[in-house]
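Letters A, B, C and D mark the chains in the order given here, with residues in each chain numbered from 1 onward.
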Amino acid sequence: MSNPEPFLLINFKTYLESTGKRAVDLSKKIEAVGESTGVKVGVAPQFCDIEQVAANVAIPVFAQHIDSVAPGASTGHVVAESVKAAGADGTLINHSERPLQLFSIDKAVELAKQAGLTSVVCAGTARLAAAVALSEPDIVAIEPPELIGTGRAVSKENPEIVTESVKRIRRVNSSVAILCGAGISTGDDVYAALKLGTNGILVASGVVKAPKPEEVIASFCEAVLKII
Amino acid sequence: MSNPEPFLLINFKTYLESTGKRAVDLSKKIEAVGESTGVKVGVAPQFCDIEQVAANVAIPVFAQHIDSVAPGASTGHVVAESVKAAGADGTLINHSERPLQLFSIDKAVELAKQAGLTSVVCAGTARLAAAVALSEPDIVAIEPPELIGTGRAVSKENPEIVTESVKRIRRVNSSVAILCGAGISTGDDVYAALKLGTNGILVASGVVKAPKPEEVIASFCEAVLKII
Amino acid sequence: MSNPEPFLLINFKTYLESTGKRAVDLSKKIEAVGESTGVKVGVAPQFCDIEQVAANVAIPVFAQHIDSVAPGASTGHVVAESVKAAGADGTLINHSERPLQLFSIDKAVELAKQAGLTSVVCAGTARLAAAVALSEPDIVAIEPPELIGTGRAVSKENPEIVTESVKRIRRVNSSVAILCGAGISTGDDVYAALKLGTNGILVASGVVKAPKPEEVIASFCEAVLKII
Amino acid sequence: MSNPEPFLLINFKTYLESTGKRAVDLSKKIEAVGESTGVKVGVAPQFCDIEQVAANVAIPVFAQHIDSVAPGASTGHVVAESVKAAGADGTLINHSERPLQLFSIDKAVELAKQAGLTSVVCAGTARLAAAVALSEPDIVAIEPPELIGTGRAVSKENPEIVTESVKRIRRVNSSVAILCGAGISTGDDVYAALKLGTNGILVASGVVKAPKPEEVIASFCEAVLKII
C-alpha cells in the first residue's frame, strides 16, 4: 500500500448514537460527504450492525475487533469469517479499549488476511507502533490512549509521537499505511495529521458525538483536499 | 417463569456451517420443525448474523454473549442494546467457552434485563448453577464442560449433575427456568433431560454439525411431545 | 467455624510501605498489638514476602491470591502448595483488585482446602457474597469496591450492604465466617462492623498507609474488646 | 550486552519438584555445577521461593513474571520492587504460559529496568521475537510453545526458527542477548543452540523433572565449554 490515498476511518464504538438504525443513518451521511468530496472514508460499526451498514453503503466497513481464533467450537467469539460474511472489508485489531496479547495480535492479522479483511492494528506508542508493524498488517493506527476522547488532537498536542511513530514504523516496514487518532475533532487536526506523514486518521467521539456529524466529516474532507 | 414450556436452544457457536447465509438457512429449518411440531425452539447465531436471522424467522434469537459494559467508549465490545437493536430476544452469558468474572456475570444479567433481553446464564457444576441462579437470570443452563462436543449426553452420562443442579438451584431460586446441555445429540437425550426436571436443552454441534440438522431437531421435538 | 472469635486481617497490597523488610517490620508491630490485647490479627503480605513474614511472626499469614491451577507446567502462576510451603496459613481469593472467573473462584477454594489453607473469598455485593458462600470457603469478605481506599468505612457508610450480606449468606451457608472491609480506618468502624454481625474486618490502606500503624491496630483491638 | 558469556537459565515453573525447600536444594545443585565448570547458570523459582533461594545461592535468581503495575493498591499482583526486595536479579516476562498484552510487555520491561532487574522477554515466533526486542529488554528468549515440555529440542527440531529469530532480532536490536528454549534436555541440544548464534538456553522440565538434575546441568555446561 505505497502512497495510499488519504483515509478517514470513523469508529462507532458502542455509542448509542451509532447503534442499530442510527449506525446505518450515520454511515449514509458519512458516505454522502465522502462521495461529494471524493475523499475516501470508512466506518467501523458494532458487530451486530455490520450487515445492515454494509448492505446500505458502498464505503469500506470495518469490524472493531476480531478474536484470534479460527471458526469452530468457540461460543461468543468473533471470527474473521463471520465479519467477512456480514459484508465487512476490514477490521480494527488491538484497539486500546480492546487490547490483545502480543501473540493474538499477530494471529489476528494472519486470520484477517486469510479471510480477505484489511487489518488496522492500533498501538499507543511509537515503539509499539513499530512492533505491530512487524506483523505486516495493512494499516497501523497510532493512538495514544491518554488523548482518546479528549478533543485534544494527537496531531497537535503530541505531534512528536506521530513523527516518531512514522520514523520507527518505516525502519521495519516500508509499505504499511499509517493512520493516527485520539482527540481528532477539527479539519485542522486532520490537516496536521496528514502533514506529519500519516495516511489519514481514526476518529470516534469527534464525529459520532458531534451535533452534526456530517459537518465535522465535511471539514475533515476539506482538510484532506488541501493536501492532495 | 414457573412451569415454562419446554425449550430447545441451538447454539451456533462460530461453526462455518452456521455462519452468514448458512445461519439464516439453518434458522429457517429449525423454525419450520418448531412450527410443525408446536415445540418452542430458539437459535443463538454469531453477533454479525443476529440481524439477518431475526429478520427471517419468528422464533427467539439469542446472542452468544454480552459484555458487562454499558454503551459508550468501548470499542470491540458487545453491549446489550446493540444485540437488542439487531432483533435479539435474549443472550447467553458465561458459556464455558466465554467465561466471565463473577461480578461481570451479575452485571451482564442486570444489563440484559434493562435492555429487555432474556438471560441464559451457563454454569458447569451444580454448585455454580446455584451461584448464578442467585443473580436471578431468566434461565440457568447447566453444561459440564467435559462433555461439551462429545456426543455423550449430560442427561445420560451424568444425570446426577442435572438432578443435583435442579435441587441446588431450587433451594435459592424457585422460578428460574433450567436447561441442560453438553453432548445432546438424540431425542432420547432430550427426553432424559426433561425427565430429570429441566425445562429443555442447550445444544450446538449435535445439531449444527449433523448431516441433516432438521432431522435431529425433529427427533428432539418428538421427545418433547412424549412428555407434555 | 461457628461463632469464631473476631479477626482483623490486614492486606498489605503492593504498597512500598509493606514490601520486603518493611513487610516483616509491620507484621511484627501488628503481632505485638494482637498479643498485648489478646485480639486475633493476621496479615496478607505479597507473595515474595510470605516466607520471611511467616518466619518472623506467629500470627496467621495469608497470600493475597492463588491461581486456580494445580502445580505443574504453569510459569508465573501462584499455586496453593507454594504459598503453603512458604508458611502461609491461608489466602485471599477474588479480591476486587484481582477478580476471578466464577469457575476459578470455586476451584481456588477447593485447591486451598486441599493444601490446608484457610480461604477468604471476597465479594463486592450482598448477592455475590451469597454466591461465593456456596463454594464453602472458610471466610467470606464483603468489600464494596467503590469504598475501598476511601477512608469512608463500609460499616458506617453502607451498613445495609453488610447486614444484607450477612442475611443472604446465612440463607445458603450457616457456618462460614464473615468479614467486611473497604474504608475501615478507626476503632469505631471496627466496632460498627462487629455490631452488624460480622466476625471481623479486612483492611489495607487504613493501617498500612497510617503514620503509626500500631496505633491504628490498637484502636481496632480496643473496639473488639468492647464487644467480646 | 554485546558478546555476553553463555547463560543457562532454569525455569522452575510450579513443579512440586522445585517448590519450597526443594527449590533451594535444586538451586544449590545448579550453582555447584556452575561453579565447578565456570559456566554461568541461573534459576527462576516461584515468587514465594525467591527470598530463600536468593539467600542460599550466589547465582542469578529470576522471577517467572512481573505485572505491569507500579506499587500501590493492587492486591495479588507482583510488582518489580517486591521481586527485587526479595533478592531477585531479574525476571521473565511474557512466558507463553503467562502471556501479556503487547502494551504490558513494554511496560513490564520498563518497570524491571527501573527496579534494577534484568528482563528476559519470551516470544514464540521469530517475528514476535523481533517485536519484543524493540522494547529493549536485556534478553529475548525464543520459545516455540508447541515444543515446550516435549523433550524435542527447538535447537534440533526447528533450528530455522532460531536462526530466523536471531536474524530478525538483529535487524532491530544489535545488542540484546538471545536465549532459546523448548524441549532442551541434552548437552547436544545446548551445543546446537549456541552454534545457531544464541547466547544460551531457557529450560524447565528437562532439568527439573530429571531423575538427577545435576547430571543434566553438568552435560549442559560441558556443551558450553566445547564452544567457548
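FYI, a contact is a pair of C-beta atoms (placed from the backbone, for glycine too) under 8 Å apart; a residue touches a chain by one contact, two chains touch by 3 or more.
In this text, all values refer to a predicted model and were calculated from it rather than measured experimentally.
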| item | value |
| --- | --- |
| Those chains which touch chain B and also touch chain A | none |
| Pair in C-D, B-C or A-D that repeats A-B, with over half of contact pairs matching by residue number | C-D |
| Chain A and chain C: spacing of chain centres that average the CA atoms, whole Å | 45 |
| Chain C and chain D, separation of their C-alpha mean positions in angstrom | 34 |
| Sequence positions of chain C contacting 2 or more other chains | 96 |
| Set of all touching chain pairs, with the criterion as stated earlier | A-B, A-D, B-C, C-D |
| Residue numbers on chain D that touch chain A, as the complex places them | 94, 96, 99-103, 105-106, 123-125, 127-128, 130-132, 134-135, 168, 171-172 |
| Residues of chain C defined as touching chain D within the complex | 11, 13-16, 19-21, 44, 46-52, 63-65, 69, 71-79, 81-83, 85-86, 88, 92, 95-98, 148-149, 204-205 |
